[in-house]
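Each of the next two complexes has chain A plus one other chain: chain B in the first, chain C in the second.
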Partner chain A sequence: MALDRKIAYINLSTGQTEIKPIPLELRKKFIGGRGLDAYLLYNHTPQGCDPLSPENPLIISGGLLTATCASATARAHFMAKSPLTGLLGSANMGGFFAPELAWAGFHHLVITGKAEKPVYLWIHNGEIEIRDAAGLWGKTSADTQWAIREELGDEEIKSAVIGPAGENLVRYACVMTGIKNAAGRTGMGCVMGSKNLKAVAVRGTMDIKISYPLEALEFNKKFIEQITSAKVNKTQGALGTPFIWGATNCWGGIRTRNFQYNQMENADDIEPEAIDEIANKTIGPHHMAGCFGCQVHCRTQYRIPSGPYAGKYDEGPEYTSLGAFGAEPDCKSAETLLTANYLVNQYGVDNLEIGSIISWAMELYELGIIGSKETDGLDLSFGNEKALLEMIHRICTRKGWLGNVLADGGVPAAASIGKNSFDYLIQVKGMNNLHSDERATPALALGIATASRGSDHLRSRPAIDLYHLPVDVLRKIYSSPIAYSGPLSSEQTEYVGKAWEVFWQENCYMAVDCLGICKYHTVFLGATLPNFEDWPKAIYYNTGLEFTPEDIWAVADRCNNIERLFNLREGLTRNDLSKGDTLNHRYFDEPLRRGAPDVIGLSIDRDKFNGMVDEFYGHHGWDQNGLPTAETLKRLGLDQEPTHLL
Partner chain B sequence: MDKFLTVNYEKCTGCRLCELVCSVVHEGVSNPAKSSIQIVKWEDEGRYIPMICQSCEDAPCQKVCPVGAITRDKTFGFMSVNYDACIGCRMCVEVCPFGAMNYNRTTHKVFKCDLCGGDPQCVKFCEVKAIEFVPAEVISSQQKREGAARQYAAAQKQASSIAEAAA
Partner chain C sequence: MAIESTKVSASETLTKTRSFGKIRCHNPSCMKRMEPTPGSKEITCPTCGMAYRIYWLGPNLPRIRGPVWDVNRKLIEKSGSSKNNPQ
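Presenting the complex of A and B:
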């Protein structure tokens, strides 16, 4: 059963491995997945350790419900101290890796040390082997996976791998599985590279006993109906995530030319329908693929239609690529967008971060803060599509002065470039923001400012805040499982009640990350999707464990707090511009210039923003500096941490 | 009853929920290695093909069985294994051209699709309808309709290109 999946400790310096059961006590407190990873990170990371040093643990997991009869339990989670931010590193990917890890007998892996030479892990049916990866080093993400299958003679092996970007220690290199599934953010691929760990290959044929199989299947059917009846998921299933980009660009929520505008003009070539047409032409009418057990099937399949990479098969582009390689650098061609998407998948690098950093460099070039000396003669003007692709190559291979500097991440790059370059860097806690522009949406702005892994939309974003839902509908969602009687507002440009929405969503996303479920299967883009009330039965039928909605809420709250403790231990302070819960000054000082009439002219009000942060801290039980109070830690049972139970 | 489990591989999104459902329904466990349906993938091209028992008329598994343990189910028409007679030689696994005869490494027995007693559960969970359970006459009429649509589309295309050339 799910509860008998093990944890393995693997030391790459000594070659020793140790396998242990996961105590039920910890399941009840942290459930699994990202939550238990956060406990392990807090307990196993020496304070102040260099993220690229052998002692930084790389923690890999599936969720409690991975590979059971709950919907879309494909998510694998990666955690370590981030080489990009120096704070919490955390990234999550779909595909088929996590279920295979569970069938191989494991829910959590803690990898420490550093191998002398490139290696990969081969994990199969309860056994762990460290193997030579000399023949794999240098290969792209996809080729690495196929080569492992060939070497081990099993086409069903699933691998989490790094591409050349991870090997070259690009600070925001990601971990990849399949063609495009990526644990993208905070540089988990760079941590793998620092350990000389090219891949984790898994294969399992071990039973996961379902506690109440028929009930679990029947309940899953209810989930499926809930998932597939949501219009937002139907659209995702037809157009993939680009549809969100299209909708957001319409009203002016997409940052363009780094942060100069909030809407891309003349974007016809990269609109979701245009991408869909390319997929239709190059693959056929059925071009959507799904992760394990998922009915949303939001992954578009395509071949690059023209140019030097014409005919190459790839998947995506996600919402994020449309921003990173479209609006932010103001590049308008689908060929460039799809080629860039292909390159980042092959190199194994975070598309959001690299697109955002190149766009920042383009603005610096426009302003004369950097010139052709720094770019080695490359014309880094906005809209120069060849330059965008060239910079992807240079960063991933650390070629040229600028390529090498940008590979270190935005904050160190700003220090190298100097002048006032930092003022133009759109980041929080050292991680660049995705392409969304939050100046018209205080709730979203608060979310990225306080997200535990740095600027990010997948930790706490109340995306349904954009739908102008009636207050009674909002109250129904946001007053459960914990009562909330404070104000709520249907208006996306308002500040009241938003701190609670962000707090609620933070717990909601933490809960799915503990269970191993995809965020498209909870209240993220769709207000009617499963949440706290629905999960207890899924947990019970599949594992036999009893949780109430309030219990799951408490677990999520606890896990968010232990992530907070980690960040505080590593130097987070509220107002620090590169390690705090705050935003670049441009959010406050530069009003929006494009978009819908009610959006033009808006910017974030600094005082009201600070008020939201105060409120958000209050909901968490944190003081005005963002530190959990002694009472909060006691209430959550975290007052004795680190407890070293695992 | 003449009903077949059919596959439209173009519709398959590769999610493998059918594999999970099959093993849970039959064994009470999640384990694709114990599923009678399996998705074969070429991930580098994005091609996913569900592989199932085709209930062959001239079934190699039945022919090769040295003890006559494989017979056709009279009600639903699928090939059925009589475990009282089966000696576990796995010849049927070797000869099946579709890989649809499987081997359970826990019970050391061969196993295959039994159409869930006439109500295949994989079909119920396949939201994109890549696998369907349809009467024999519908199978061929569906294919005729799809073929006709293709022919019509080709004819239309030709007609419009002639019109364009004339203009």
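Presenting the complex of A and C:
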């Protein structure tokens, strides 16, 4: 049955591997995927360890439902102590890697140690080999995957790889699979690079037994209908994730010129409809692709239409690339956007982080905090598209003073640059924000401030807060599976009730990350998509495990708390600007200048924000410093951690 | 078996609230629902005056592509004169 899949411990220093079953007790407490990874991380990471040391474990997993009959369960999760933040490292990617890992016999890998020379892992039908990767080192992420297939003689092999950015220990290097699927955030590719681990290649034909296959398939048909009939997914299936741009750039939720403005005016060439035209011309009308077992197909395929990289094939860009290579550096050309997207995919680096950090450097250049001496003569003005592309090359290869400094991440870079450069860095917990501007949306501001892996939109963002849903609809969503009778508000600019929304979404996203389900298949961008009440059937029919909606909520709550324990152990404190649950002063001190009439002049009210943080802590059962109380830990069964059961 | 096989979930009941053929004004406190004429390229919110460019994904699926920029600019300037706008 699905629960037969194993966990493998691989020590790259010694070459030893050990395979164990996953105890049912831990399945019930942490389900799988990100949740069980968090348990493993908390149990296997020495406190205060250097993220680039052999002791830092890299944990890779699929979700509980991965490779079953449940739809869109392709997500692979990567976790380690982050070399970018020094706190929780966690990233998640789609594609085809996770189900292949499951068919190869494994649900979780815990990789420790450091190989003496570049290696890759070859995992197939229950077997694990450590192979020489000398011939792969230096290759781009796509070329690496093709080379592995050629070497092993199987075109169906799926690999999670690093590109040159990971090899060069860029602290926000990602892990890649396929052309653009990226476990992008917090530098998991850098951790792989530090272990001399170029790739994890998987291929499996092992049976995955489904507990009630007919019921599982029948239920999944209903699931698919609910997913594909949603307006949001019909739109996403046509334009990809950039479809969000139309709304956010209208009302003023796009940070532009780093954080100076909140709307990118007259940028019609990088709107998703314009990208779609390029994809139509360069690929054809059927240019949307999907991950394993997904019916939404949100991934645009395209060729770069012009310029030095004309004709190169790529996928995306995601919504985040529109901001990272469009709004933030104020570059308005589709050619530049698509070229930058191609480059980061090939180098294997986090598009959000690199676009944001270059835009920060552009603001420092504009202010005279850095000059041509630091840039080695490069004109780093906003809107200089060649400079944007050049900086991507320099950072990923650590070329030049500034390229090398920015490769270490924002907080260390601010320390190297000095003066008041840190004041302009839009980050939380050492990780830069995506291009969204949260000054008109207190709920979203709270989400990025308290997200466990740093400034982030995929941990707890109540995106439906932007839809002006009636309170009775909000209550229907947010009062299940746990009763909530407190206030809720339809207004995105309000503070009331938002802490609960963020708390609920945090548990919702943790649950899908444990199950392996893509966030576009739950209450993220669509209010009518499946959530807690819908998942027990999928779990039961596929695995035979019985969970009530309340059980799933409790697991998610527990997993969020063990992530919290990890962060606290590594130094998180509430008001620390680079390791806490707070925001850059600009959120409070610089009002919005563009966008819809209702948002101009808004900023985050500091007192109300602190009140939301208090409330959010209260929902979690944390004290005013953000520490889980003894009672909370006992309630969640975490009071004895670390228990070292796995 | 712990799961209830016949109960309709909250998300399933909410699918009835889906509206096709309509869009919402993106001005946060306005958010008025508008029904553009099929095939139309632009629409102006009758309540707050924001103007939008429309893109049609299908005959029943209009979406807002972006603001009409000159109207957007005028609204910014007008708002900026009466609100806390530093520049």
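What we mean here is this: the second predicted complex is superposed on the first by the 646 of 646 C-alpha atoms of A that agree within 3 Å, B and C clash if a C-alpha of one lies under 4 Å from a C-alpha of the other, contacts with A are read in each partner's own complex, and residues count from 1 in each chain.
We take it that a residue touches a chain if its C-beta (ideal position, glycine included) is under 8 Å from a C-beta of that chain, and two chains touch if they have at least 3 such contacts.
Given the structure is predicted, the values throughout are model-derived calculations rather than measurements.
Novice: Between chain B and chain C, whom does A:221 touch in the aligned arrangement: first, second, both, or neither?
Specialist: In the superposition, A:221 contacts chain B only.
Novice: Answer with first, second, both or neither: which of chain B and chain C does A:569 touch in the superposed model?
Specialist: So A:569 meets neither chain B nor chain C here.
Novice: A:179 in the overlay: touching chain B, chain C, both, or neither? Say first, second, both or neither.
Specialist: Once the two structures are laid over each other on A, A:179 reaches chain B alone.
Novice: Return first, second, both or neither, reflecting whether A:103 touches chain B, chain C, both chains, or no partner chain.
Specialist: first
Novice: Who touches more of chain A, chain B or chain C?
Specialist: Per-residue touch count on chain A favours C.
Novice: Tell me which partner A:131 touches in the superposition: chain B (first), chain C (second), both or neither.
Specialist: Neither partner.
Novice: So, does A:235 touch the first partner chain B, the second partner chain C, both, or neither?
Specialist: A:235 contacts chain C only, not chain B.
Novice: Please indicate which partner A:315 is in contact with in the superposed arrangement: first for chain B, second for chain C, both, or neither.
Specialist: first
Novice: I'd like to know which partner A:398 touches here: chain B for first, chain C for second, both or neither.
Specialist: Neither chain B nor chain C is touched by A:398.
Novice: Would you check which partner chain A:205 touches, where first means chain B only, second means chain C only, and both and neither mean what they say?
Specialist: The answer is first: A:205 touches chain B but not chain C.
Novice: Going by the contact rule at the top, pick out the chain B residues touching chain A in the complex.
Specialist: 10-11, 13-17, 20-21, 24-25, 27-34, 43-46, 48, 105-106, 121, 124-125, 127-128
Novice: Quick check on the complex: what are the chain A residues that touch chain B?
Specialist: Residues 67-69, 96, 103, 142, 145-146, 178-179, 205-210, 213, 216-217, 220-221, 224, 228, 283-295, 297, 301, 313, 315 of chain A touch chain B in their complex.
Novice: How about chain C: which of its residues touch chain A in the complex?
Specialist: 1-3, 5, 7, 9-15, 17-20, 24, 26-31, 48, 50, 52, 55, 57-58, 61, 63-67, 69, 72-73, 75-76, 78-80, 83-87
Novice: Over in the complex, which chain A residues touch chain C? Could you list them?
Specialist: Those residues of chain A that touch chain C are 226, 229-231, 234-235, 238-239, 243, 245-247, 249-251, 263, 265-266, 268, 271, 273, 440, 467-468, 473, 476-477, 480, 491-493, 523, 527-531, 533-534, 536-537, 540, 546-548, 551, 590-591, 593-601.
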